[in-house]
Amino acid sequence: MWEEKDNMLCKVFVFENFTQAFAFMTQVAFLTEKFDHHPNWSNVWNKVEIKLTTHDAGNTITEKDRKLALEIDKLIKPSFLD
Amino acid sequence: MWEEKDNMLCKVFVFENFTQAFAFMTQVAFLTEKFDHHPNWSNVWNKVEIKLTTHDAGNTITEKDRKLALEIDKLIKPSFLD
Amino acid sequence: MWEEKDNMLCKVFVFENFTQAFAFMTQVAFLTEKFDHHPNWSNVWNKVEIKLTTHDAGNTITEKDRKLALEIDKLIKPSFLD
Amino acid sequence: MWEEKDNMLCKVFVFENFTQAFAFMTQVAFLTEKFDHHPNWSNVWNKVEIKLTTHDAGNTITEKDRKLALEIDKLIKPSFLD
């Protein structure tokens, strides 16, 4: 579930290990290039935290962020998470 | 199923699209660095063909190839394929 | 130098090692997603061979291939090659 | 220059754009898997911040962190930065 925090749409994704986390990050990277909308994101081993906000709109959450969030969720197949 | 062809262990993996194929390739790349055993592989859009052989053993199939093949198969979760 | 061979624009890129080759492949992957034009490409350790052709134009070389070739060349900084 | 901050070895790397930053991250990812020592790192567009600390040593900076920092610096060729 994406949460709104400090004018950002935030979610933490947890994987089995680092390489699964990084394979997910690679897919997110492709999406964000396509949308030309890049996240503020961080990783520690099997955890990836993504924070979305629109700089051009004064760092508020816009439709762009909500659309990207939806596309990121589509990447997460059950096998990544159980 | 891996097949033996021209002294190589070969398999074709099919994904939904290019980014899923490339995310898989990223995971395989990590494996091959860990094993220090690199495939002869190719990609066209959603297809990845991997061919394994051991150069140091005169380009024959060795235990190294069979072990790497097993590890690659473990990366393939059902969600990638259906 | 890109060469025309079997109706494809072909070039082999050589790097210092596998991880440099794969970092290059990651950048090419981003480009090809942006162009929505995917290569027929292969890798063995430090070598990446890229073959460009346009399926929709009956597997001939088109402007799309020439443009993508130019963009791929821009990725190759001297440091990758010496 | 790596700086010590809150018991972590920290450095910010700046690139020309997102895909160059992500290609660098891919190379760092390979290194950290090899070292089996994973950073706390974050990215926003062309900036990558890496923080190294050793959890098993009570979150202090150890030789492991200093060695990984050195290897990461070797990835940074002049072409990435100018």
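First chain written, first letter: the chains are A, B, C and D, and each begins at residue 1.
The criterion applied here is as follows: a residue touches a chain if its C-beta (ideal position, glycine included) is under 8 Å from a C-beta of that chain, and two chains touch if they have at least 3 such contacts.
Just so it is clear, the model here is predicted, and its values are computed rather than measured.
Counting the residue numbers that touch the partner chain, chain B and chain D have more than half of them in common.
A count of contacting C-beta pairs for C-D and for A-C identifies C-D as the more extensively joined pair.
Centre-to-centre, using mean CA coordinates, chain A is 29 Å away from chain C.
Across the assembly, chain A contributes 19, 22, 26, 29-30, 33 as residues in contact with two or more other chains.
Interchain contacts join each chain to each other chain, per the touch definition above. Chain contact summary for the complex, chain C toward chain B: residues 18-19, 22, 25-26, 29, 32-33, 38-45.
Residues 26, 29-30, 33-34 of chain A touch chain C in their complex.
Put simply, chain A touches chain B in their complex at residues 19-20, 22-24, 26-27, 30-31, 77-80.
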